[in-house]
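The structures considered in this document are given below.
Okay, so subunit A shows up in both of these, paired with subunit B first and subunit C after.
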Partner chain A sequence: MSAAGRSQAMHFHARAGEKVRNVGLQRALQKAKPLFVGKRAKGIAALAEDGLDFELLRSTGKNIRNRTLADLDVWLDIFEERATASGAEVLWARDGAEVSRLVVAIARRHGVTKAVKSKSMLSEEAQLNEALAAAGIRPVETDLGEYIVQLAGETPSHIIAPAVHKTIGEVEALFAKEHGRPLETRSSADIPAMAQEARAVLRQHFLSAEMGISGANFLIAETGSAALVTNEGNGRMVTTLPKVHVVITGIEKLVPTLEDFATLMRLLPRSATGQSISNYVSLLTGTQREGDHDGPEKTVFILVDNGRANLLGSDYQDMLRCIRCGACMNHCPVYFSLGGHAYGWVYPGPMGSVLTPLYTGIENALDLPHASTGCNQCGAVCPVEIPLPTLMHRLREEQNERGLRPWSERLALTAWAWLAGKPVLYRWFARRAARYLSWLADDSGRIRILGLAPAWTAGRDLPVSSGRTFQELYSARKKA
Partner chain B sequence: MRLALYVTCLVDLMRPSVGFAALRLLEATGAEVFVPEGQTCCGQPAWSAGNRRLAVDLAKKAIGELERYDAVVIPSGSCTDQIRNVYPQLFAGEPEWEARARNLANRTFELTSYLADVAKGGFDTPDFTGSVTYHDSCKGLRGLGIKRQPRELLLKVRGLSLKEMPDCEECCGFGGAFSVKFGEVSTQIVDRKCDSIVAAGADAVVGCDLGCLINIEGRLRRRGDETTRVLHIAEVLAGGSEC
Partner chain C sequence: MSAKDEILERVRRGVGKDRFAERRAAAVASLKSAERGPQPTMSADLVGRFRAKAEYLSSTVAGVAMLAEVPAAVAAYLAANGLAGEAVATADVGRLDWAGSGLRVEARPAVDADKTGISGCFCAIAETGTLMLLSGPDTPATVSLLPETHIALVDVSRIVATMEDAFALLRAEHGSLPRAVNFISGPSRTGDIEQTIVLGAHGPCRVHLILIGEIS
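Moving on, here comes the complex of A and B:
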């Protein structure tokens, strides 16, 4: 199925309403938001204590990403050559379906019946779990959040905190059911015990799986390595215990050198979780060498396009700088009103409002570029200075250019702009409008229900003036 | 100094008192203040909707009306952002218009940044009894870097105490057409802003953009808060909301 076929982004508007009214979801989100924002703020502040300037780091990070993208083909060639020289195999996939075909073929060749996975949003783009299951191979997510989401039969709602939409109580009930134990064995807030329980289950999977599948936070061209940034340690299990390791990642994740990687690592964990560095940072190169105690016998990199190459040289190339930290959604008032599922595809929040239309078709995600107040809280925190509101705005323009906006909106805008271009008529009309609004208002000067904009007055009053426009009062005063 | 006051379409229609307050403040700085009669709207709604053609038409109109003044002052960060930051991007391939847009952009100021940084006082602020909390509007804050100026001006008002709210830089959820296109989401966001305002425990919430203020006042009242006053900063600095 094409990416657009699976996307539910066209239902954003309807889903938004459901999400706003979902009490459990709202509780989970309101609890998470201050944690995300507070931890990042502390992490950034700590940079200054180390004598580092965040704004300078940001622009350095941006330049590294831009430099790589400018010559992406060259860096990819170098990566392929070095990775191959170190004993890995490098494959290329045009889209998600091709990723699935390649992974299933590798699994069959090596007699794989179970694959353990560490977090990979690209595998969500490819719908890899479904493809593996259909081929009789059991995919097991081992990131705790991904594990929860997989048990619940859901998709991640956040790129670094996949189960952020769930309350502790919901997870406790899910674990009790799926792990076959009674619910009332302990207080539902005992998070360490719950993590321990998942750990015991996952340990068996790590030991018995024949294949490990991971993403990569970065690919490093000069060494042909994948860099993995994790906190739970599951990434190391996935990439070292099974005999086959498959890395699936987008072609844009490349950086030229280890030095560049080190710079970006100053930005990524701090922007994501506020950590100066994540608990684990792994650089994975080649296969198990003689004398190594662990490591895969076979390593395959699958480098995926799935719409990325189209963005090179386009108005949207800036988006390819993204290092997937999640800061944009963590600071987005819309994301924290809805959670990630409302966005309908793999990537939620501001980055999703840009990527979903670009990767699944502008006509398949019409609401998303408009699902923003234009506050630019996302652009202000982005560690590689992606101008997210500008990109959303460009998508809005493209919708107009391609005739994808509803006729009612076009008509209303055209009529209003025509009127605004005729000052005398505009002033007359504004006077009438002021009278009308004042007539609709109650004694306290507020409109409770406005037929012209019911979406406004459903949750808010509309305070109005006394029925005279500024221009009207001003010209009367001048005459007096 | 010939100075144009651009009142904004929202102030014209919804709250003329803000325009008169801004007028009093600017006159008090000693400038010769004009209110260009032909002014309507800066075109931001068209721009936000992604309709560049209509945005260009209205930008040309505004440039033609406003460029003859030494400076233009607007009691709104949002409309100022449109003229300062958007207008110059609208005319790629039309160098003459681009130059005129830049020229206007450089001489256009949001009210508090004009009062604090350009006029640097010169006007007396009346007394104010009570405490206020200040909401940083998005375009003013992140588009124009306005953070210090309104606070500096508010702190000069005798009798006024400033009580910062938590998350004062957080969006109020207005976003122009967003508030109507996604009414429920917008309400959810402004509800959180109202929580912050209540947490500050001030007598009034003050801001620099009428759009945000109408949104906040509308939600506060719907929640049953009839006492927290919602004021544009011009109304506080010029004393009262009479026309």
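Moving on, here comes the complex of A and C:
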């Protein structure tokens, strides 16, 4: 199925209402937000202790990503040459369906019955788990959050904390059912016991799976390597124990050198979780070497386009710098009001509001570029300076240019544009409108129900000014 | 048209430049410069820095004056934590006199049943308190991965300032990368249930570092 076909992004409005009323979700989100924001702030502040300036660091990170994208054809060629020379195979996939076809074919060729997976958002784009299951191959997610989401039959609601929408009670119920034990009442104090339980179950999967599937946080052109960053160690398991290792990654994930990677590693974990470094950072190159006791006998890189190449040279190229840290959603008031599932596709939050329309079709995600308060928190924290609000604005403009907005909105904007070009008429009209709004307000100066747009006041009141226009107030002030 | 040709055609159109061979040669040449981004300024006491950062990341740290003292230090750590005197070790450290300290240490890759794994490291990074391990015939990656307890020996002369310094050392001493370069910073952890940090996810629950040659 095409990406657009299974995206639920067109139902953003309906889902948003549902999510706001979901008490468990709201409790989980309210607990998570200050933790995400506080940890990152502490991690970024700690840079100063080593004389590192965050602004300089992130402009360096931005330049590394821009330099790579400016000659991406060249860097892909160098990466392919060096990865192949080190013993890996490099395949290419135009879209998610092709990713799934390739992975299933590799699995069949090597007699794979079970694949352990380290978190890969690209495999969510490809709906790889469904394709593997349909081919009789059992996919097992091994990141604890992904494992929880897989047991629940859901999708991740956050790119680095996939189960952030789940409360401990929900996880306990899932574990009791899946692990065949009686339901207990668990509190936060029991979280270590639950992690132990998952460790024991997943350890057996690591030891028995014939194939490991991972993403890559970065591809390094210089060495033909995949860089994998995890805290749990599941990334190491998946890439060390099974006899086949498949790396699925977007073509934009390249960086030229190990030094470039080191710079980005000062930005990625800090922006994501506030850590100075993640517990495990692995550079994986080629296959098991002569005399090695572990490591895969077969390594395959699948380099995926799925809409990425079309962004090169477009108004949206800046988005390809994204290093998937999640800081934008961690600081987004819209994300923390709704959670990630409201966004309807793989990527939530501000980066998702840009990527979903670009990868699944602008006409299939009309609400997302509007799911913004314009506060620019996302742009301010982005470790590679992606101007997310600007990109959302550009998408809104494009909706207008392509006539994708509702007729009422287009009519209103056309009328306003006409009016704004006629100063005398505009002033007359603005005066009438200000008086009207002031008349509508109740004694406390608030409008409870706005006549022309009742939906706007369904969940909030509109505070009203004195009933005079800006220009009236301005000239009064000049005289005074 | 193959997927590769089609994707590369789209990439080329997006990049919008010609003279591919010339640009490629320039890119390859630029790799040699190994140009670094902004570097941290740290005190000259790399050992102290490494130790403080490693402890901050929940590793425990001990020090011995010389390699021969390691088995006794390991035996003391295992006893203090109520752990059995048995371990699997990478071949490079398996040669020490473990039996002399009452330990049964086998030099081989680790299996699921192993409770303690002992390894050396290629080098260590002071900036973040990180170990750098290379996979290889004598240094199987499983020893630092499967057991619940990982004990790593760190020669203080191998503590460098940054990840960039570690890469420089790697380029100088090895031409190419092994299958796996693993940077390890403390015990494995997860925060996936209600954002509560728990030590011991899939990798080791305990990481103990023994610094060799530390003057303290």
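The criterion applied here is as follows: the second predicted complex is superposed on the first by the 458 of 480 C-alpha atoms of A that agree within 3 Å, B and C clash if a C-alpha of one lies under 4 Å from a C-alpha of the other, contacts with A are read in each partner's own complex, and residues count from 1 in each chain.
The rule is short, and it goes like this: contacts are C-beta pairs under 8 Å (C-beta built on N, C-alpha and C of every residue); 3 or more make two chains touch, one makes a residue touch a chain.
The structure presented is a predicted model; accordingly, all values stated were derived computationally and were not measured.
Chemist: Clash or fit: how do subunit B and subunit C relate after the overlay on subunit A?
Modeler: fit
Chemist: Of the two partners subunit B and subunit C, indicate the one touching more residues belonging to subunit A.
Modeler: If we count touched residues of subunit A for both partners, the winner is C.
Chemist: Considering only the touch criterion stated at the top, classify A:Pro182 as touching first (subunit B), second (subunit C), both, or neither.
Modeler: Neither partner.
Chemist: Angle subunit B-subunit A-subunit C between C-alpha centres, in steps of 10 degrees?
Modeler: 120
Chemist: After the superposition on A, what does A:Gly451 contact: first (subunit B), second (subunit C), both or neither?
Modeler: A:Gly451: touches no partner chain.
Chemist: Does subunit B (first) or subunit C (second) touch A:Ser314, or do both, or does neither?
Modeler: second
Chemist: Between subunit B (first) and subunit C (second), which, if any, makes contact with A:Gly403: first, second, both or neither?
Modeler: Touch status of A:Gly403: no partner.
Chemist: Quick one: is A:Phe470 in contact with subunit B, with subunit C, with both, or with neither? Answer first, second, both or neither.
Modeler: first
Chemist: Rounded to the nearest angstrom, what is the minimum C-alpha distance from subunit B to subunit C in the superposition?
Modeler: It is 20 Å, taken between the nearest C-alpha atoms.
Chemist: Just which bits of subunit A does subunit B share with subunit C as contact spots?
Modeler: Touching subunit B and subunit C on subunit A: no residues.
Chemist: Using the touch definition up top, name the residues of subunit A that touch subunit B in the complex.
Modeler: 13, 16-17, 20-21, 333-334, 337-338, 369-377, 379-380, 393, 395-400, 405, 409-410, 413-414, 416-417, 419-421, 423, 426, 430, 433-434, 437, 444, 446, 453-456, 458-465, 468-471, 473-475
Chemist: Any idea which subunit B residues touch subunit A in the complex?
Modeler: Residues 7, 9, 11-17, 19-20, 35, 37-41, 43, 45-52, 54, 57-58, 61, 138-139, 142-143, 169-171, 173-192, 214-215, 217-219, 221-222, 226, 230, 243.
Chemist: Can you check the complex and tell me which residues of subunit A touch subunit C?
Modeler: Where subunit A meets subunit C, its residues are 28, 31-32, 35-36, 50-53, 56-57, 60-61, 64, 69-78, 86, 91-94, 98, 142-145, 148, 161-164, 166-168, 171, 188, 191-192, 194-196, 199, 202-203, 206-207, 221-223, 225, 231-234, 236-237, 239-241, 251, 256-260, 262-263, 265-266, 273, 276-295, 303, 305, 309-314, 317.
Chemist: Which subunit C residues qualify as touching subunit A in the complex?
Modeler: 2-4, 6-8, 10-17, 20, 23-24, 27-28, 30-31, 34-38, 40-42, 53, 57, 108-109, 112, 127-128, 130, 135-137, 140-142, 145, 162-164, 167, 176-196, 198-204
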